[in-house]
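Below are structures written as structure tokens.
Both complexes below contain chain A, partnered by chain B and then by chain C.
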Partner chain A sequence: MAITSTLYDSLVKIVGKDFVSDRKEERYFYARDGGLMPPHEPDFVVMPETTEEVQEIVKLANKEKMPLVPKGSGLALTGLVIPQRGGIVLDMKRMDRILEVNEKARYVVVEAGVTHGVLKSYLQKHHPRLRHSIPDAPPIATIVANAVIHGQGRLSQQHGFNSDMVSGLEVILPTGELCRIGSCSVSSYWFSKGAPLPDLSGLFLGWFGTTGIITKLGLKLYPCKKMRDVMVFLTDKSELIPDIMLKLSHTEMIEDVVVSAQPLPLRFRGTFWVTPYITGDSDEEMEFKRKMVWDSIWEHFENRDVGFLSLSPDMKAPLMSMPSKDTCRFADVSKGGGFQYAGPITPIEKFPAFIKKLEEVAAKYNVFYSSATRLIGAGHCMMFSFSFSFSRANADEMVRAKEALDECSKFALEEGGVLWKADIYEQKLLMDRMDPNTLALMKKIKQLLDPNGIMNPGNWEVK
Partner chain B sequence: MQKYVSQIHRCFRCGYCKFPTDYSSFNCPSYRRFRFDSYSTGGRLWLIYAWLKGEIEWSEHFAEILYACTTCKNCTEQCPMKFAPDIVDWIVGARSDMVEKGKIPPRVARFFEAVYSYGNPFKQLRSDRAAWANGTKKYKAGDEYLLYVGCLGSYDENGQKMARSLVDILNASGVSFGILGEEEECCGNEIYMLGETGLFQNLVEKNNQKFKELGVSKVITLCPHSYNIMKNVYPVSGGNFEVYHYTQILNDFVKNNKIKPSQLKAKVTYHDPCFLGRYNNIYDEPRQILQSIPGIDLVEMARNRKDAFCCGGGSGNFVTDLLAGSADSPARIRVREAYDTGADTLAVTCPSCLTMLTDAVKAENLDGRLAVKDISQILRELLSVG
Partner chain C sequence: MPLPELKFDRTKCARCKTISCLTKCQYMDFKDKDKAKKEWQKVINGEDSSVQEACTTCYACEEYCPYGNHPFYLIVEQQEKKGILPAPRPTVTMWVNQCQPVGKFIVGKVEEKALSYCFLPHFNTLVKGKLFDGIAWSVIFGQEFFCNAVYLHYARASVIKDRLPGIVENIKNQGVKELVCLHDECYGTFTSLAPAYGIDIPFKPIHYYEYLYGRLKELKDQIKPLNVKAAYQRNCSARLCPETDHYVDEIFGLFGVERVKRKYDKESALCCAEIFRMEKGPALADDVQKRNIDDMAKSGAEYCVFNCPACWDSLAHKVVKQGIKPIHMIDLCKLGIGEEQALRLPELAVEV
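Moving on, here comes the complex of A and B:
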């Protein structure tokens, strides 16, 4: 108790009393996320405002061997910011400054708490010719947390994972040193996270905050075209989806393509919605791209395997919105405030097998499902979501949803997929399958960077 | 209201409720003030659910989190879920349960005690309720309108100035109206929002009865809070009268040339009160009044209309002040936003906003650079009234 009290005082000294809480209400809320992982309470919730404050907190935690969990908005839904061993949750959202936009080198530098929503709004207002890859997570999702989990967004079909678009990092190492990664380590410019230097960003991206705390991040921006449109193609043949996705990406004309599947409303059942997006600066450019998209899959139209859905303005609006509010609405399908998804990254050829499994598992566990698949890169892989909704007032349904998710994750692994934003149990599944030397390397890196094991313990924990 | 118990678990804590439509900043006043997620709407709903399930116990901190909500309805506007229209009712429902259990923050308890004992939250004497009125005549049968000024209009210095300005304008227009004076009761909007359903019902019944006895058929309210509760809740308890916010009446006067304001060279920005805007969709009338004034340059703040940032005064916070004490207090943020437009005048249409924002101008050292005025005051200064 005395140690905790001293720690509290030390934390107050660093960030001020308004931004430290050891009260039950904050500990309750920060003990959980919107998903299905069991909660665990932190001892403190702390909201730093500056890199220097983060550095002081890390030094203190390292000295006291106190667990430290950096948190954005907790929207991974897989419990990655649930403090498995208590300690301090660092809510980073007070570090909310957009520090620089370099229009000509097309990047932005943000603090760790800047959200996708705020950045989108800022760019629209101040730099309308630039955009970033907006995920379909709610706008409160932070840029840094999304990069740390290798998130995807609206530009992932063209440019890969959102973490591939990182152009530099400022990190506080678990032992308290401030470290810059990428071009910003030798230059005032933040245009590259690695090349032509050794790419050290891999020591932090994908590690879920177990190797350090990112306090600033450079992010690549891309041209924002004046026009944007979406088309919806329908098919009931899942076996055609990989071919359609490949052909669409072959055009190199699409911004993004998502394939959706859900059993309700009934008009959706048994039908896959393929939604490619195009952008352009003129009617001519849009028309050309539209034609290229149609031509690319024309044979499927001719064979009557694929149809086109004409969209009313009301139907088009939610498809065009960024982020899509419909993603969240899935949580209220069971009128219960919850959904979670396993989102394995996998070759696109697996789509038919995965969709079959999704339908089987949903029926087996009697849970409502939905799926949205996003193409990543030029057909290099896809994120396939096995999504299940549940009611938080129905404990039995929560158990069934979790069992359904676990079964889907195991299936995805067996099929050669790699689990995305894996929860602590899924991380174990991944590490059990991992090449032993790779695992040993991870262990060495972790021990080197975090000798006291204070950073988000329980995650990526190599035994 | 009590259906919240079976519904409140439906919040997914997605966080849309924190933003305005364009996501440019945080628009939930209590989240913006405190920044812990527990102070957002999602945080509040999850904590209420935890309390119902017995996972957390009542504490003064929990109660303050619940009562720091100004019921501004930004969350209702932004929440993507079907239950969005019910969110404020859920919060009020939980407050109501707290009141029944006698577990509320001391400041809120004092608010109730003042209304129980004095009929107003300021502990002012009933006999002083018409002290502002300067002989304004009382309502009598046959008058077209009852002017209801409310507690702020009766006792608060800024509210009294508003009330006097409005009376002058109404007199100049030639309409017949009167006030209730010392017989006026609290409208109960704040009592309702704070969850004291028993006291609220008592106030509604008194007011409805009084209006009925006097034959009141049309009410003009000074305050959007009174307008809201009389328009939307009084009819459920038998209220049978038309109710107007004063801006609706004055806009008609301007349109029909009943009043003709003289010129004013000023750059003005307008702050939408929550209970006029988000609650009752009255966005145009105040702007049309301002635009009718020759010489006024009306500029908008980045957050306006349904995205307006609350001053922090709703749900009794103009008295309980649970969001005060920081440069991040909503009213201080709002006056900075107003000042950033280049405006010299911040126009309001609510006595609560007027007081909150006037105090914030002082706290931000913007005295002399940004004047906060109610539209009734602006208009009054531009009329030739004896």
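Moving on, here comes the complex of A and C:
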């Protein structure tokens, strides 16, 4: 008790009393996320405002060997910011400044608490010719956390994972040193996270905060065209989806393509909805791109295997919104609001097998399902979501949803997929399959950077 | 229970001299009457014919037939029997699934006289103001009351025949004696399609043009001349009820609106063509839409008056690009009595 009391005082000294809490309410809230992982309470919740404060907190935690869990908005749903061993949850919300937009080099530098919603609004207002890759998470999702989990967004078909769009990092190492990664380590410009230097960003991206705390992040921005539109193509043959996705990406005309599958509402039953998005600065450009999209899959249309759906405004509006609100709607299908998904990253050829598995598992566990598949890169891989909704008031349904997810994750691994934002159990599944030398390298990195094992313990823990 | 059969009288076709169903078709080349006669005979006999494959499902031959012998319904029946897909199979599946009557519907405080919104949310916006005083709350909407005529586009007469009796029963069970149909598709279903299949309609269908005209006469003191030129956009299902077209002229007449003379109006009207995009791809749809809108512009129209909300969704933003103001007929009537246009331009491509 004396130690925690001293720690509390020390934390107050760093950030002020309004931004430290060990109260039950905060500990309850920060013990859980929106998914199915069991809760675990932290000892303290701290909200730093500056890099210097973060640095002081890390030094303190390292000295006291106190677990430290950096948190964005906690939307990963896989328990990645649930403090598995207690300690301090570092809520980064107050570090919410957009520090720089370089219009000509097309990047932005943000603090760790800046959200996608805020950046979208900021760019629309101040830099309308620039945009960033918005994930289909609630707008309060932070840019840093999304990059740390290798999120995807509306520009992922063109530019890869959102983490591929990172252009520099400022990190507080677990031992308290401030470290800059990328061009910003030798220059005042944040245009590259690695090249032409050794790319050290991989020491932090994908590590779920187990190797350091990102306090600033450079993010690549992309041209924002004046117009944007969505087209909807339908097919009832899952085996055609990989070919359709490849053909669409071959046009190099689309910014994004998502494939949706779900049994309800009825309009979705029995068909897969393929939704390519196009952008342009003129009607001519838009028409040209529409034609290219049509031409790319004309063969399937002529064979009557792929249909086109003209959209009424009420159908188009939800498809056009960024981020999509459909996720929130889906989360409330089972009244009582909850959903979780396994989103393995996998070759697109696996779509037919994955959709079959999803339908089988949903029937087996009697859970409502949905799937949204996003093409990443020019067909290099896809994120396939096995999504299940559940009511939080229905314990049995939650258990069934978790079992369904676990079965899907195992299946995805067996099929050659790699689990995305894996929870601690899935991380173990991944590490059990990992090349031993790769695993040994991860262990060395972790021990080197975090000798006291304070950073988000439980995650990426190599035995 | 067996599905109702189409009442088709082949003797009427036998004595037909014009074969208008094919010779007037805007999408098939049957200027040669003998060729048309031969091909139509194949259709009547249930043989394979280019007609079944080439039909764009524009509905127009229902209007062209001088005997009311339902040539289009016959084509649809045969398309289905032969497994011909006017639109790709997944599109048909989507439509068939989407409109299933599964117990989700919206009704207002339904009285003996009611408004049918079909399955079109636009009417939530349009049905307001003095034109609908005393009836605005008496509304039926949704799959349970959806006429299902759309399946004529998808070679699924069987779906219509299967669902329509239940739909009619649902409407009757609401205590409706007179149904003001705000969409031609519903009105045409009850006055053309249902009789063609021997399905009784136990209420009186009223076309909303007739309703509007009646209301406007009641509100005649409030009418202010608009004195504008307007192109009228006929929709596919207007072909099922061409007898209502005179109301366009009569309503226009009340406001001093000139229905511009143009190539693509009345019997030679072009539909919105969006169905062609889903059936045949973009080339035909784009061509038809361009010809239609160019024709509107050439005729000097200031407004394009829409009857069907689906046409509105397809064409409204495109007519604007030609400098023509899109307006739904209900909104035109509102303007004429000093009220505001409610249905606004849909977004096509959203600025980011």
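Simple rule for what comes next: the second predicted complex is superposed on the first by the 463 of 463 C-alpha atoms of A that agree within 3 Å, B and C clash if a C-alpha of one lies under 4 Å from a C-alpha of the other, contacts with A are read in each partner's own complex, and residues count from 1 in each chain.
By our rule, a contact is a pair of C-beta atoms (placed from the backbone, for glycine too) under 8 Å apart; a residue touches a chain by one contact, two chains touch by 3 or more.
If you're wondering where the values come from, they're calculated on a predicted model, not measured in any experiment.
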Simultaneous placement of chain C and chain B on chain A, clash or fit: fit
Chain B versus chain C as contact partner of A:271, first or second or both or neither: second
Touched partner set for A:45, first chain B, second chain C, both or neither: first
First, second, both or neither for A:246, with chain B first and chain C second: neither
First (chain B), second (chain C), both or neither touched by A:418: neither
First, second, both or neither for A:332, with chain B first and chain C second: first
Contacts of A:98 with chain B and chain C, given as first, second, both or neither: neither
Chain A as apex of chain B and chain C, Cα-centre angle in degrees (nearest 10): 70
First (chain B), second (chain C), both or neither touched by A:24: first
Touched partner set for A:117, first chain B, second chain C, both or neither: first
Nearest-approach distance, in Å, of chain C Cα atoms to those of chain B in the combined model: 12
Contact residues of chain A, present in both the chain B and the chain C interface: 124
List of chain B residues in touch with chain A within their complex: 6-7, 9-16, 18-19, 22-25, 34-38, 43, 46-47, 49-50, 55-57, 59, 61-62, 65, 80-83, 326
Partner chain B, residues of chain A touching it in the complex: 18-19, 21, 23-26, 28-30, 33-34, 45, 47, 73, 75, 91, 93-94, 115, 117-118, 120-122, 124-125, 138-140, 325-326, 328-329, 331-332, 335-339, 391-393
Contact set on chain A toward chain C in their complex: 124, 131, 224-229, 234-236, 265-271, 279-280, 283, 286, 290-291, 294, 298, 301, 304-310, 312-314, 316-317, 320, 322
Touching residues (chain side chain C, partner chain A) in the complex: 85, 87-94, 97-98, 100, 102, 121, 274-275, 277-278, 281-282, 310, 313-314, 321, 346-352
